[in-house]
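Both complexes shown next keep chain A, but they swap its partner, so chain B is in the first and chain C is in the second.
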Partner chain A sequence: MSRRVYITGLGMISAIGNNVPESFLSLSQSKTGIGKINHLTTRYKDEFLAGEIKLSNEALADLVKDNNPALNRNSYIAMLAAKEAVINSGIDTNDGLRTGVISSTTVAGMGKTELYYKEMFEKDDHLNVLDTHDCGDSTERIADYLGNVDYVTTISTACSSAANAIMLGCRMIKHGQLDRVVVGGVDALSKFTFNGFNTLMILDREWCKPFDENRKGLNLGEGAAFVVIEGENTLNLRKGKALAEVVGYANANDAYHQTASSPEGYGATLAIQQALTMSGLTPSQIDYINMHGTGTPNNDLSESFATKAIFGNQVPKFSSTKAFTGHTLAAAASIEAVISVLSLQNSMIFPNLNFTTAIAETGLVPETTLVNTPLNTILSNSFGFGGNCSSLIFKKA
Partner chain B sequence: MTKAYINGIGCISPQNSIDSEWFFDTINPAKGDYFDAIEPSYKEFIAPNLLRRMGRAIKMGVAAGNIAIQQAGIEKVDAIITGTGLGCFEDSERFLLAILNNDEQFLTPTSFIQSTHNTVGSQIALIMKCHDYNFTYVHRGFSFESTIQDALMLFEEGKETILVGGIEEHTPNFVILNRRAHKFQELQSNTPIWKSTTPGIQMSEGTAFFVLNKNKTDKSLASVDGIQTLYKPKTSADILNKLRSFLKLHGLILSDIDVTLMGFSDDVNFDQKLQELLPSIEKESVAACYKHVCGEYHTASAFAMWTAVKLIEKQTLPKVLAISDKAPSKIKHVLIINQYLGINYSFTLLSQC
Partner chain C sequence: MDTITSYAHIKHNQVSVNGEIIFQSYPSLSLPEFLSEAYKALGVSYPKFHKMDAQCKLGFLCTEFTLNGTSFLTENDITKTAIVLSNAASSLETDRVHQHSIDDKSNYFPSPAVFVYTLPNITIGELAIKHKITGENAFFVSEQFDAGLLVNYTETLIQSGTEASVMGWVEVDGTNFEAFIFLAEKQKYTNKNAIFKPLNKTSVITIYNQTIWTH
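Here is the complex of A and B:
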């Protein structure tokens, strides 16, 4: 059994690029992927911005090289990002070792269900869309696309989903249940989630401004990101290369409200504290925080208080990268895990775009331009509905 | 190996399982080709101000969780882990239809908020003021199995008391559409369904919760000794080999298993591998099945686990579940072999403690 676990492969598709190199380019050029809505069918397409992947479903099908009509946008992007991570890691899923796929999603097949649901009551043509509605569908598509996968499961804990998938993957390796695991999350944009967040009145009609005093809400995004996680034993055996080490993780619950975070960020504080304890690091040893930072009044204030509760007056450099990608829900934590590894590898802090004024109550100021600085440790936060709070700590390998 | 001791159980199903005295004595037939869960009066389990807003899956989950917690006699847990294939489908459908019927206008957020898959787990956390670990698994026929796998790891990581549960609900529309997609067939009678020659299941719903403890206490009803999932096993021989290895890991052989609960679903295609497996099971163990009683759903294995605990408690196999003619002489070890759509297979081993 391995006591140490490493990230050995990265894969990502989102508004800022169709793969990791493209994403890195956008990040290092401070180029947001959020813009006018082109692919999502909604009556609000000219009123709101979103972080859409710049490819149609047809173009995605071409990239995946699979014309199976049962595939939906969620599956396409999940398959692409997972495959990129596996290729990047250099693992061979046919070598007889135990490989797992742990994915996460909130919207699952809803993006397709919503197109055909009413029609299904009249005609039989699209009844099979029901078979791909559930959260497990895209995970099994990934498993079959990669081939020879022994273990699959899927997590759905709203916007912290992928953090929990990463956490579960690390634990299963440490418990000796898997040799390596492809973990992450996926959420394509749908009318369902768009309208859900709109009725909650937490969408900004302009570019989101995380941690700004005048922030009005989030921009939704879509994406998928996966990382390959291996234990030290398996990695050493195949002489593979570690990109980063996962040294801390924790999940805690705010138990305050179904959708809102507690004003003082109690659950978030617990998650950060427990992840730090596990890592053996002191708060002062954290070099950078990739915040959840959605841009909603509630989240950013609550997260700021939690940050101050842990770090006091020595808050590390921090930023939210959601103004690049939009809030990609279940995929957010894995997208930000990939971004964090890119930060460690390239000694770069990617900026918190659109920020001008600090929140009066906390006075916290994020990094607003690209910072070139050696980074050894990164804390990444993700919080979701149901008070679900998760923190991960990555260390330079 | 770490075991989980089951200290409390709560189950809402198409049968009268909410009554702790019920033991397969009276059986409610299917409604033709599907089952509905029998819902209790929720007032004794859930505060009225909360109850008013909750969807059915949430009510069923919170109530079953509450029953399990009461039986275990505890006030706090160290983790809450739920499993559900479709989540709060009623709320999802309500919000979806509101979007489609009103062209994305005049929407209210309640059903969207409650449509989130982890709503049941987080509602229980809210009610219990539980700030600890809270996960929700949503993987088809592995949704409930994943909760047990996770709990067993958490015990090794130091947690002591964990609430796990499987939750599934369907809606009238979902039944209608799946029937039109030819997914169902009528259940001929409430007798074991291992010999199906035709496709079609009986779609169902239900919820079962369990309070698991790391250590045996005077409340312990049975132990979960191990669980394993198999994704798309190629042949029944493959399943049998993996089963023998799984049992060996726990120091057992198939003839040590007093009752084997098998997840026959009445669909000939999905049941094929279990049909092939049945002679080997009957030769060494006593075979039984459960989906003619609870119906088929993503987390039917949670009902199977509830059944296994009851068998161990009562030390008898009700005739309505039995496939084999022979009766078990004692019930020390119960094995569940579940399958979902012939894709997701799992083994769960429970023992008397």
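Here is the complex of A and C:
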């Protein structure tokens, strides 16, 4: 059993790049990936912006080198990001140690199901698509793609999903159930998601403006990100290199509303507080916060109040990177985990794009340009529908 | 020893609490009709109930029946009470309704009231909101009811500060439905209370199979 859990590999694909080096380049050049919709078939093509991965399904299939018709966009991007993380970490899934895959998704195979949905009532040609509909499918595909995986599970708790996947992975290592775990999340864009968020009236028609007084809502994005986490014992045994340590995590329920955060950010405050307690760090020891910061009026205000409740007048430097990637839902927390590790490694805070005016009630001002500063600890927040609030704390290894 | 202190099971248009059937309706009733009857039988007034999708209603009812007559919510710190649920169909039933509303060109209205429920963990949200339970929560989707998973997960939570947990299975898929909820509390075990069971996989399987359904 290991008491300490380290991140040893990163993998990511999103609107800002097809892999981690490309993503880092976009982040360090303040280049957003959000733009006009090109790949998703939707009546809102010209009405809304989105953070789309810049590859067609065919191009993704070529990258994965698998033309199995049962695969869909969700599984392609999950497989690519998970593979990148494994290669980056240098682990070998055939070395006899126990490897797990814990992935989160909310949309699963919906993108493909909705394409053939109406036809399915007329004829049976596409019923096999339904085999790939459920959330577990993309996780199984990742496991098959990586080979020799001992444990597979999928978590779906809306926009905090990937944070919960990371938490579960850490716990399984600490309890001696696995030696290392590929943890993260994936959500490809679908009409289903787009129409749903549109009816909730929380989409901005322009670029989202997290933490700005005049923010109007979020931009949806798509992506997949995975990190390899390992216990100290097996990491030392194979003389692997740690990129960061996961020192704190917590999950709490806001117990207020299904799709809105409580005005005072009660659940968020609990999650941050409990993650801090676990890490043994005081609030003043947090160097930077990667905020959930979706750009909706409700989230950013509530998260600001939670931040003030914990940090008082000494709020650390913070930003939301959602204006780079869009809100990638079940992938958001793992994308932001990868971004946080990049921040620790490169001593860089990536900016909160599109911000001009602080929210009147809280006056919090995020970092709006790239900041080069040594970073030792990062808090990353993710909050989901159903009141599901999770916070993670990463420490430089 | 960590303890299962109460449980309820809803299946075949019947409600069983701690192994005994306490409510049943005609087998011919549809799921919405049954849920409405069971809500009346429960005898609480909670207007939000009527806005929920079938899965949340089912989870809500089963949890209320489980909690009824217990001191679970007053004896445990609700900020350290977890909710760990699971099912096989995720939110498929509501996904279908939402998809229909997108497909219907003549009556195109993908309602936010439906979309909200296209996630399984929304079921947890309803329970959390009702009782202000703010502890850790997770919703697992597995092919079948996995007692071992739920027990292991809750034991892990209890080792890291959780004091109690609302756990179980809430499944709606077409006309098939089933809910099974049990309450776990840290330590508390005494063999003087016949309902109490030690929290382990064997007990969970035993109480899951305990009810003798009449139809």
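The rule is simple: the second predicted complex is superposed on the first by the 397 of 397 C-alpha atoms of A that agree within 3 Å, B and C clash if a C-alpha of one lies under 4 Å from a C-alpha of the other, contacts with A are read in each partner's own complex, and residues count from 1 in each chain.
Note that a contact is a pair of C-beta atoms (placed from the backbone, for glycine too) under 8 Å apart; a residue touches a chain by one contact, two chains touch by 3 or more.
Values in this document were obtained by computation on a predicted structure and should not be read as measured data.
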| item | value |
| --- | --- |
| Overlay on chain A: chain C relative to chain B, clash or fit | clash |
| Touching partner for A:W207 - first (chain B), second (chain C), both, neither | neither |
| Greater chain A contact set [chain C / chain B] | B |
| A:T139 touches, of chain B and chain C: first, second, both or neither? | first |
| Contacts of A:M120 with chain B and chain C, given as first, second, both or neither | first |
| Which superposed partner A:D150 touches (first chain B, second chain C, both, neither) | first |
| Stretch of chain B, among 185-193, 239-247, 275-283 or 293-301, that runs into chain C once the two complexes are superposed | 293-301 |
| Residues on chain A lying within both footprints (that of chain B and that of chain C) | 106, 108, 110, 113-114, 117-118, 134-136, 153-158, 164, 168, 171, 175, 191-192, 195-196, 198-200, 251-259, 266-267, 270, 384-388 |
| In the complex with chain B, residue positions of chain A that touch it | 42-44, 105-106, 108, 110, 113-114, 117-118, 120-121, 124, 127-128, 130, 133-136, 139-140, 143, 149-158, 164, 168, 171-172, 175, 177, 191-192, 195-196, 198-200, 251-259, 266-267, 270, 384-388 |
| Chain A contact footprint on chain C (complex, rising order) | 79, 83, 90, 92, 95, 98-99, 102-103, 110-112, 115-116, 118-126, 128-129, 131-141, 156, 160-161 |
| For the chain A and chain C complex, residues of the former touching the latter | 106, 108, 110, 113-114, 117-118, 134-136, 153-158, 164, 168, 171, 175, 191-192, 195-201, 250-259, 266-267, 270, 274, 278, 384-388 |
| Complex contact set, residues of chain B against chain A | 80, 85-87, 92, 95-97, 99-100, 103-105, 107-109, 112-119, 121-123, 125-126, 128-140, 142-143, 146, 149-150, 153, 156-157, 173-174, 176-178, 180-181, 229, 231, 298, 343 |
